[in-house]
Amino acid sequence: MSKLNSRRNWIGLATFALFALFPLFADLANQEYYVTFLTRVLIIGLAAIGLNIALGYAGMVSFGHSLYIGVGAYTVAIISDSGISNAALHLGVALCAGAAISLVVGLVCLRTTGVAFIMITLAFAQMFYYVVVGLKQYGGDDGMSLPSRSTFGAINLENNNVFYYLCLTTVTFAVLGVYRMSMSRFGSVIRGCKLNERRMAALGFATLRYKLLAYVISAEVCVVAGFLLANLAKFSSPSYLQWSMSGELIVMVVLGGMGTVLGPLLGAICLLFLEEVLANFGLPLPFGVSSFIQSHWMLLIGLFIVIIGLRVQHGLASFINRGKQDA
Amino acid sequence: MGNVLTAKNISVRYGASQVLFDAEIEIGRGEFVSLLGRNGMGKTTFVKALMGMKSIESGSVFFCGQQVAGKPDYVIARLGMGIVPEGRGIFPNLSVNENLVATAMQRKGSMSTIWTVDSVYELFPGLRKRIQNLGSDLSGGEQQMLAIGRALMTNPQLLILDEATEGLAPLIRHEIWSCLARLKNEGLSLLVIDKNIKPMLGLANRHYILEKGRVVWKGNSSELSDSPEIMSKYLSL
Amino acid sequence: MSLVLTQLLNGIQLGALLFLLSAGLTLVFGIMNFINLAHGSLFMMGAYFAASAFAATESFSAAMLAGIGGGALLGVIVERLIVAHMYERSHLHQVLVTFGMVLFFNELARILWGATSIHAGSPKAFSGSVEILGNPYPSYRLLIIALSLAVAAGLYFFIRHTRLGMLVRASASRSDIASAMGVNVVLLKRCLFAFGAALAGLAGVMAGPITSVQPGMGEPILIMTLVVIVTGGIGSIRGAFFGAMVIGIADTVGRVYIPMLLRATFERSVAQAIGPALASIMIYLLMACVLALRPQGLFPVKHG
Amino acid sequence: QTPLKIGFLGELSGPQGALGQDQYDGFMLVVERNGGKLGGVPVQVIKEDTQLKPDVAMQAVQRLIDREKVQIITGVTFSNIMMAIQKPVTDKEVFLIGSNAGPSPIAGAACSPYQFLVSWQVDQLAEVFGVHANEKGLKKVYLMAPNYQAGKDFLAGFKRTFKGQIVDEIYTPLNQPDFSAELTQLSAAKPDGVFVFYPGGLGINFVKQYQQAGLMGKIPLMSGGAVDGTTLPALKETALGVLGAFPWGPDLDNAANKQFVEEFERKHNRIPAAFAAQSYDAALLLDSAIAKVKGNVADKKSFMAALKSADFKSVRGPFKFGNNNFPIQNFNIQEVAKDTRGRVSLKTIATPFKSQADSYHALCAMK
Amino acid sequence: MNSLLEVKRLTKRFRGIAASDGLDLKVTRGELHAIIGPNGAGKSTLIGQLSGEITPDSGSIAFDGVDITHMPIHKRALLGVARSYQITSVFEELTALQNVALAVQARSGHSFGVLGEVAQEWKLLEPASQAIEAVGLSESMNHPAALLAHGARRQLELAMVLAMRPKILLLDEPMAGTSPTESKQIVGLLKKLRGTMTIVLIEHDLQAVFELADRISVLVYGKVIASGHPDEIRSDPRVIEAYIGEEGLVS
């Protein structure tokens, strides 16, 4: 057991080191683009980590977490638009808005279970999507540009490397936080709710409260991801709220491993790299295969997701675990 | 006449754990055979393996002269194996009448009569009053009667009852036993699993005892009554 | 007043189209416990098959045959290759697999038929409009209503009063037992999935002449369909029917009268700003309200 | 010689993918005719799909500029994409040669010397209809558009030039595929004319339903976006009689256009849409400007001047850039009709704007 | 008499069927009270209403002097109402110890703490392992519940219930479907528990009922038709007619 743990820690540390050193390599190779790309991977990974709290730990299959990415992104955009660029204020307001919305949405959604829960979370996300798209003063369909990144005291977030490290730090804290949570009393209660909610109530747990809290925490992590995402692109897009965003987050969590600490991040890295590679497919394959892949990469991503759904039960994280046990 | 059912060397596993080890059973035409054993010894699994509801790892099952091992359950059911499953398995969203009709099969079973809706209602007059009720609205006893009636409607060569008296009030339990006695007298072959051993000692021709997935004892009722050490070792009686 | 009635008819027509889609979806969910996000893709493929057949033959009957038959065939293939392996899996995995299928089919349609929308011909006999309550009404839309009512009645009769229908219901609640009682449940499920796909194809055929046949045309309507079945009660044909009507009417009437109401109460610019936004989330609001009060939907199925 | 890299940014997938594809085909027609060269210099066109998502477009721009180090980006199909990328691109002093989307802010206050729009400013399309409606003597017009920025801009543009009465102004939720309710209201209002803005798939839906409701031929339908080369193959006879507006039309009578249409049809076996024509012009513009600076695009001052001079034969006939680098050109009204070969196509019926600049050019600080 | 549980005029209808029909019941502190009755008499419905999973249409339930008629399930659990399910209900993927530790955690204040590590909290683990020992399951302490045999799961469920330190234990057919061997074990366990807490037992196994019960109530069509000592019940002609049958007496 302890051996397994130490190996996992080792892998975690190695990954962290790789991420931490990446901007140096990128600078050397004169490819700052990949810093931006990796920043995006980290941010989407953060959202997946957030979703995993609801999906993997508490067993709530939310198909609407894009909503909270949207809340984060739009709060930043709207406040920036009125000329205030203070990051603390942005984040504070975003988190409050996220808490209020997720509390209400969660209360309604948690009245249902199973497929109805999946659908109603989707419906709420759609509802916000249409509201955003319909509101001209907030850019509507066009989205909103940010004049600049949020200002964060003396730290200059306009610098891509600095911003990258901010995201890396946030993700690291999120990973550690989820790890602590999974071992705690709260963690064992939400796991119990996932396994057998009726029994939990009969034991004396107010299950709704715990599930609601898990939902809110999960939403708030996504709000932070939305905040970062808007800052990365200096743009807040209604497409963050689209249902395909929620779908992709689920893909990442399942691909990486539900209810594992590092799984969602792994899943995000995998899926986004695959998309990047396919969409810019460079290998010179014969018979126009290359250009076919380049222009129809969605076909392959679709197939990839189908195969994940068919074959993957425990996710990539479990591969690593199994590999470790064999070793 | 030969046997309705002959099963040999049946092995079954759930994932990594093996549940049945070379189990065997024979049922002659018109015979009433019981399958006994403590909880979790593999009785239900055995029956499911015979029915094709659970795939078997090895072994052979001859039913009405045909090798049926490996065939899907609906094929075996159509050959004439009827089951009253553990937990009754009434279709909750069908009415009593529909429960009987939906899976009925019109053919000559091992009994002299061909079962119809009317003859089932004659056997269980209590059901007739509830023709339009949904399966889920029946009391436990009524559900049990319905499950037996539904199995009879397939006009089986062999009727298997898995814990048919579980959770029933004593009065109803008694009714079921007398019904089984009647079916036996009319020539139906029966395989019965039940924890009430006393009534079975009177009815069954032969008994099999399962212990940890193996048949550890077989014999007729008088042999069983005469061996208290077997009864106490495997059945705690 | 007659205008209101015509709008009601519009709502019913939207409901009718939604019902064609919901029926298949809810049937597959109710019987196989399988949640199929790719239902919208089957709808799209049905529309494409029909449009291609129409282009080749200039006959709407041929288009209909192609849409329904093609949908059913595609249903069988998809069931064999993918869906059959997913019945026992969690809803989450089903959502995932079918989400992937949505992406796949959208791209496939683009490869096969191009990114542009293609022409879907309408039947000559139903190309005009008829006078109803003093307002002209497209006769094609009446055809949709009639067809959908016929499907609803047929389905009701099939499910309630035929022996096959009983078996379908029996397999819905206890497929293991049904199989042990001699029902070939695997075949039944395959046929049923194909049937659901054929209904989706039919919906695609009927939608072709009024909407554009293009990649991704399935998603907006899929989401509406999901709203319908969840509001109506998942797995119930009755729920799908009434849910479709409620959603269809709420959407249509909301679209017309909410902006009007707002305009009467607020000044024009405000009304124009929030009117459409409110109208477009009407159905989601309705659904949220229904579920908050009745988590099982309006007409939940009865299970033991 | 390493080829000159040009980024092509377009809507290539999804429901609106046809527009970007048309744009790309028009551009590549010139490149391929010249044997992979523009202005005598070999070029490599790197195409990026925007998926109609501004954030995806932003990533694509980053990829093009940071990784591929391109100096020129062309294409851009939709206004919202243009709005998102215009500043990031021109801030990096990369040339943006837009060949379709022309939203008002970048024609006005947000204009940039690094940006050249070979297409047109969107409002013009609506304004030209207003003028046309006045000329035709329409008194009461009914307006409809999807509820988003472009839709609102369009209706505003129409109202700017139209002198008659607006019966009603309806905004439908974006993505709403069915207009039965709105059409019922419309036909009850009995207007003289209808002006709508429904691009792409929405336009197809609208026109089909308009026809089925029995309104086609009874009330003239003026449409922005609904009828063009990409939607007509799907609409066919359904659309006969609908009015559209573009600076370019397949039947425009000039040598450059004849050559373009003929070559395009031979290669792609379909009638080009305006997107291809504009993009073709963009390629011709680059061809002329690159030749002028002899491939030295890095000399930004000279290249800018070379672009500004617009020294090429446009398929639209008269063409020059105004102070905001938007074209000064004619604007036509077209009717859907059968062409000489019996295909459903666009026929030019009027030219209400002659060598006209857009309404925002005065707001642009450039002189 | 000191009654712990007092049910008054409890009524619950399902689509016209009265599962509880103005039902009155008193359970005395410390007794083992058996409830018998024909199938569909409303016994499970009664337990459901006592534990809070079913809301009654009318009537009242008082527990230990508190009106709990409309109290949510978890609050009743914390007051001391514990139930076992007819089909065993444990957390399959957790070990036996973790299962019981959750039960201990339930009554040790709120569980919103996210910092402490459960696996290190002796406050939870010690009472849990004691409860496991009490039911005789020590050697399976660290096995996942999914791997336990039928009988062992029953024991585990009892351990969870005991760890809740309930005042009243509601048992719905704990012996249904168990072989004579397992039935004997459970009867033994219940005998040990009898006297330490109040128990309401629903069971069709008359032998066990008459062996264990201090008092028996007979439920028919949602009403208590007889209540009293086992010997009174056994000879009550109404009970014989509705439930036991002439032959039932013999066996």
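By written order: A, B, C, D and E. Residues from 1 in each chain.
Here, a residue touches a chain if its C-beta (ideal position, glycine included) is under 8 Å from a C-beta of that chain, and two chains touch if they have at least 3 such contacts.
Source: prediction; values computed, not measured.
Listing every chain that touches chain B and chain D alike gives C. Using the contact threshold fixed earlier, the set of chains in contact with both chain A and chain B is C, E. Among the chains, the centre nearest to the mean of all shown protein C-alpha atoms is found for C.
Ranking every chain by how far its Cα centroid lies from the centroid of chain E, the top place goes to D. Set side by side, B-C and C-D show the greater C-beta contact count at C-D. Per-chain Cα centroids separate chain A from chain D by 37 Å.
Taking the mean of the C-alpha atoms as each chain's centre, chain A and chain C sit 32 Å apart.
Within chain A, residues 130, 133-134, 136, 298 each touch two or more of the remaining chains. Those residues of chain D in touch with two or more other chains are numbered 12-13, 147, 173-174. You'll find the chains touch as A-C, A-D, A-E, B-C, B-E, C-D. Listed in rising order, the residues of chain C touching chain D in the complex are 3, 6-7, 10-11, 13-14, 107, 110, 114-120, 122, 127-129, 135-138, 140-141, 209-217, 220-221, 252-253, 255-256, 259, 272, 275-277, 279-280. Note for the complex: chain A touches chain C at residues 55, 61, 63, 108, 111-116, 118-120, 122-124, 126-127, 130-131, 133-137, 243, 247, 250-251, 254, 258, 296, 298-299, 301-310.
Contacts from chain B toward chain C in the complex involve residues 51, 53, 72-74, 77-78, 82-83, 85, 89-94, 98-99, 101-103, 105, 134-136, 150-151, 154. Interface residues of chain A, counted against chain D in their complex, comprise 31-34, 36-37, 40, 130, 133-134, 136, 139-143, 145, 229, 233-235, 237, 239-240, 279-280, 295, 298.
Of all residues in chain B, only 37-40, 137-142, 163, 166-174, 195, 197-198, 235-237 touch chain E in the complex they form.
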